[in-house]
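Shared between the two complexes below is chain A, which has chain B as its partner in the first and chain C in the second.
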Partner chain A sequence: MNTRQTLVERCSALFEDLSFGASRAWKDAQPGRKVVAYMPVYVPRELIHAAGMLPLGILGAGESLEVIHGDAYYQSYICRIPRSTLELGITGRLDFVEGFLFPSICDVIRNLSGIWKLQFPDVYVRYFDVPQNYVDGIGGSYYRRELEELKEGLEHLAGRLITPEALRASITLYNENRRLIAGLYALRTERPWQVPSSELYLVVRAGMVLPVEDHNQLLKDYHAAAVEEELPIRDKSRIVLSGVFCEQPPLSLIKAIEMAGCYIVDDDFMLITRWLLQDVPLDGDPLQNLVDAFLHHSAETSAKYQPEAKLKGQYLVDAVKGTKAEGVIFAAPSFCDPALLERPMLQTKLDATLVPHIGFKYAENSGQMQPVREQAGTFADSIKLWSNP
Partner chain B sequence: MTAADIVKEPSMLKQKEMIAHNYDLLTSAEARGQKVASTFVPGNLNELIRCFGLLNNLPEINAIQNGMRQLSGDYILEAEKRGHSEDVCTYVKADLGMMAKGNLAPNGKPLPKPDVLLLSYTGCFTFMKWFELVREQYQCPTIMLQVPYQGDGQITQNMRDYIVKQLKEEVIPTLEKVSGVKFDIDRLREHLAASAKAEDDLVWVLETGKLKPSPIDAYFGGVYYIGPIFTAFRGTQDAIDYYRLLRQEIEARIAAGLGPITPEGTMAKQKYRLVVEGPPNWTSFRELWKMFYDEGAVVVASTYTKVGGTYDLGFRHDPNHPLESLADYCLGCYTNRNLPQRVDLLQKYLTEYEADGLLINSIKSCNSFSAGQLMMMRTLERRTGKPGAFIETDLVDPRYFSAANVKNRLESYFQMIDQKRKVAATTGVHA
Partner chain C sequence: MSYTAGIDVGTGCVKTVLFEHRDGEPLWLEKRCERIRQRDPYQLAKDTFQEMLEARGLSAKQLGYVASTGDGESLPFTTGHFYSMTTHARGAIFLEPRTRGVVDIGALHGRAMRIDERGKVLGYKMTSQCASGSGQFLENIARYLGIAQDEIGALSKQGESPEKISSICAVLAETDVINMVSRGISAANILRGIHVSMAGRLATLLKGTALLDGVVLLTGGLALDTGMLAALQDALRNAHSRLEVKNHPDSIYAGAVGAAIWGEFRRKKLGFQPAEVRA
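This part shows the complex of A and B:
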């Protein structure tokens, strides 16, 4: 029986498995199967899937892997995700991966694409550039051609064409995936005690390594189990967690925030699963539909340029209002340019709307959670004591 | 050494006058009714900006000026006091701190509020955030020109078309609106032709690093050589004149068999020929340079001098293809090239300039340059057999310059080169 506990245990095992056994098992199940890895923050997984390959999300190696080789590639003032990702590669943990996409998020991930080309010359490596111009005839035309080039590259790797029918089928599955995850996020917003963020994180994270078909079933099962089993309501403050879109904090950090008296009611973990904000239409040209969805219905984060000055940071204010949050916790990886450069602008926006906030930094291998617990606890208390009713 | 003792050539004096005049123009722009565009160095569109009669204000150059004048440390602290992280780019913080403390130009007068922010972000993601931050302060029109990265090591037609479309449909119409001047493509062609003339002479100068002795230092001297063409002067007669004058000086040095000019005069002995990767440290620029020339180390080629254009690889602004040429210029800047391309370029320099080795000045602030440099060094050591070395400093944050550490590293490196030479002399095996 799929109880909350068994589901979470399964997700936890997937999370801890740095050999990516589930993805390897998928690959080994049929001869000729291939795997294409990707990093944050967004790639169109539908294209990989439509080529018959498995998209594999790589978000670093977490806190358990000792980074030895990776540290020899990076100076001390560069974040940890590229070094632990390289560690995964050099130690053979990604030896079953035939392709690797490095999305446009920052200079470090961009340059990692070049390192990967030099270090692993047999892997199909692509830096996936996306438009920062959202006008159909300008950024849209450019993106369309970029997607066509990516499609051609994936077809070559897979040894088969990506037909419109196959792409529509993949879009259907990923639309469902996005809807299911949005449903869980909505449930957490409504009843956060029923969906602890440390669990939701693991359940969504499982989608980085599982085939989308399996992940969709897992999401349905977890949703049913979360509704079924009543958990006690606590007197906690509702907060939005911001800045965690690339290098991941240790799971213990999420737990520390929750234990300190906060309900996380929104976050920017694994934005790829919530990047496209509406269903991608199935009629017409599916590739163009992906272009249009990116241009006109995609999430905002600091990796994106906001053309309208007055709208800068509005997404966070909207998230606070939409989830009835009482404050924002900024958690950013050390040396993360996008998150740390964005933070002062977001803080200005929050100050203007009287939303309280705190901030700290972490690394994926941060070990000491007591300071986080104290900071988050004080923040939660201050909200309870002094925020407007 | 006092400022009066520092040896300067006529070209340096000319450049100093040009920069001072430009700052005078900038600080008097408002009173004179001239409009100003703030924009960045790599991928700047100086020729286009000039078509609209706009002045060009470059935040990185202001940060460099403040770094060399020992002001940036206070500015950075001011920005950090206002909530900016100690982890992020110090150019950004020096700029924001300067704005917070009166926004004074080197002539002591306030810089004007820009009429437009022209964000051409070439080869550096931080630029995008930088202008979003600056936009908060100025509340003026902002134009974004996105330059795709050469992820696969080539410029595709799609990239070029994208830039040209942005120029035609967004950049030029907005500049027309801001300036009130109609775009004249023939005027752009004239500026581009002027750029190409200066670029020819710049390349000639940089390539004299291949000579023995080298008449130039392509890093510490090189930053002066690139000054006019990377900043507000590309496409002007001033730039043509500057590079002609510089070329004549270097021709004279070659004829006399002289090495480069340092702040303490002509460098007499050239014991080590180096290729340098990475930007310089600006807060201790002269101190760092002295560590090189005191040891007889001359830099024969550098990548920093390609950050505002890779002219030595053949690119020239082309009046016959004006917008496409601007696109190719932006796409080709050094940090817009992927790591394998950067390795190939450094390998070419190490070989063609007959260098003894590669030195990387790894900059804490600049992930665009720095992320991947250790791998680049190892790859180049393997490919060329020439030794590499690594020092760590920052652009304009004086807290990250440790003179003793840098000096130790450099001395060890020079000893390593000596040792390699001894082994080669004994065994007859050369790198």
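This part shows the complex of A and C:
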């Protein structure tokens, strides 16, 4: 039987494995299999899957890998994820990857796509440029062409066509994946003591390296185990964690926030898993369905442009209300433009609605958690003792 | 009527208290302070908690809230955790209602706070990570000098020509002390020098909180060190401060006391009954 502990231990092992053994095992299981890596925002994993290849989410190297080569390619005043990702490549940890997609989350990642092309000329590299205009005839047309180009590139790499039937089958699997993750998030919102965020993070993150079929089963197993095993309720403050969508914080940071007296009831970790908010329809043209879902059913976050000034940050206020959160913790990677440039506007919105908040920065290899404990702890206390009932 | 417990897991000691709350008034029933001495602090906390309950013929289920503070975040049997500043501030108000400033001197840190009459922290300053502002450093030096911990204060106050000690780094300070011993400086003057050095840092922290007058209560493991108290009073007097620094016989329990009292506040705010929120 899969207990919570065994499932989390499995996910933890996947998380710590910087050789990506699970993905390598998938590839080695059958001759001719290929793996396409991606940085986990925006990318339509359905297309990779429909081409018969394994989508592999790369979120940097975390805290355990010393970056030596990667630092030579970037100036010091940018975030760490491109350096450590490059370190993974140069040290051969991604030598089994045939393709790599770099989504347009920021200029640094765009530049990383160029470096990757130069550094690894045999790898199919694509800068996946998504629109920040969500009008059908403008951003929609552009995104359709972008998807068609990506589809052609993936077909060429895979050596086979991506049929509408195959794409629908993949969409079905990823729809289920999104539903299962949404279900776990809903369970955590309702009973956060039953689903510690440090566990949920690992379980969701396992989906970056596992085939979606396996990950769906893992999500089901964990959900069942989380419901089955009663954990004690603690008197903690309910908070939303914002800004953690690209470079991921060390696991110890998530644990530190929880230990300091906070229940994380919503977050924007690994945004790709919750980027689309509804099932992508299966009828009609599946490629167009992906376009429509991107335009009209994608999550409002810092990674999505909001042209209406008065609506800026409303999603965060809605998240606070929807999850009955009592405050927001802004945690962003140092030098992360998308998160840090957005933060003042979000803070202004929260101030206007009297939602308490604090903020700090991190890097994926941050080691000293005492300041985080102090900040999160005093924030949790201030909510518990001094906020209105 | 309800019962709450506060458990303060410190670096050097575990402090445990039990309170009864009747008509909104906290009544202190039990207290325990156990030095950790290389034991498992969580097991120690559990044992002293049980011992305290047994002394009053209570079971854990009868408690409305069990609150941890200090390093007790992961204690498995608590209802909730409060951060140390929050609890020391509230504990200080309980011990001395006139308190408007708190200096918490623990084994590994020093911290000054400005608080209001409710125990709300209005501002604070902390020592950096360096251990030379901490009780652990003082305890180490006393051990090197062959002096029992409870002799430190009285001996320090006998020092008439305190030696200057590095106030920046424990390593440098220990080197200073070794040199002093070899130069024949008396233990009293060495300890007094350490107290003066630590008091200087704490006075600077207090100044940083912008507290101008009122009572400042020492809390934490070093609060009852009379040498420390005297040195801090001297430092503030020399700086023409209007602050009145004092300690309380139960200063070491301030964190645990604050945790227990805040626990009752949360119990009432959340409206839950004993054992409802604990496994």
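Observations on the model:
By our rule, the second predicted complex is superposed on the first by the 389 of 389 C-alpha atoms of A that agree within 3 Å, B and C clash if a C-alpha of one lies under 4 Å from a C-alpha of the other, contacts with A are read in each partner's own complex, and residues count from 1 in each chain.
Operating definition for what follows: a contact is a pair of C-beta atoms (placed from the backbone, for glycine too) under 8 Å apart; a residue touches a chain by one contact, two chains touch by 3 or more.
Since we're looking at a predicted model, the values are computed, not measured.
If you put the two complexes together on chain A, you find that chain B and chain C both fit without a clash. Of the two partner chains placed around the shared chain by superposition, chain B is the only one that A:P131 touches, whereas chain C remains out of contact.
Put chain B and chain C next to each other and count what each touches on chain A; the higher total goes to B. Using the contact criterion defined above for the overlaid structures, shared-chain residue A:I358 touches neither chain B nor chain C, since it reaches no partner. Once the two complexes are laid over each other on the shared chain, residue contacts for A:E149 go to chain B alone; chain C is not touched. Using the contact criterion defined above for the overlaid structures, shared-chain residue A:K236 touches chain C, although it does not reach chain B.
Seen from the CA centre of chain A, the centres of chain B and chain C span an angle of about 100°, rounded to a multiple of 10. Contacts of A:I90 after superposition on the shared chain: neither chain B nor chain C is touched.
Applying the stated contact rule after C-alpha superposition, one finds that A:A299 touches neither chain B nor chain C.
When both complexes are overlaid on chain A, the residue A:A260 reaches chain C alone and has no touch with chain B. Remark: least CA distance from chain B to chain C after fitting both complexes onto chain A is 19 Å. Touching of chain A by both chain B and chain C, each in its own complex, is seen for no residue at all.
For chain C in complex with chain A, the residues that touch the partner chain are 65, 73-74, 76, 78-83, 85-86, 120-121, 262, 265-266, 269-270, 277-279. Those residues of chain A lying in contact with chain C across their complex are 230-236, 259-261, 373-374, 377-378, 380-381, 384-386, 389.
Interface residues of chain A facing chain B in the complex, by the touch rule stated above, are 72-75, 77-78, 82, 102, 104-108, 110-115, 117-119, 126-129, 131-133, 135, 137-139, 141-142, 145-146, 149, 302, 305-307, 309, 312, 332, 334-338, 340-345, 347-348, 361. On chain B, the positions that touch chain A within their shared complex are 82-85, 87-89, 92, 124-126, 128-130, 132-133, 135-136, 139, 142, 144, 146, 148-149, 151-152, 156, 158-159, 161-162, 165-166, 169-170, 338-340, 342-343, 362, 364, 367-368, 370-375, 379, 392.
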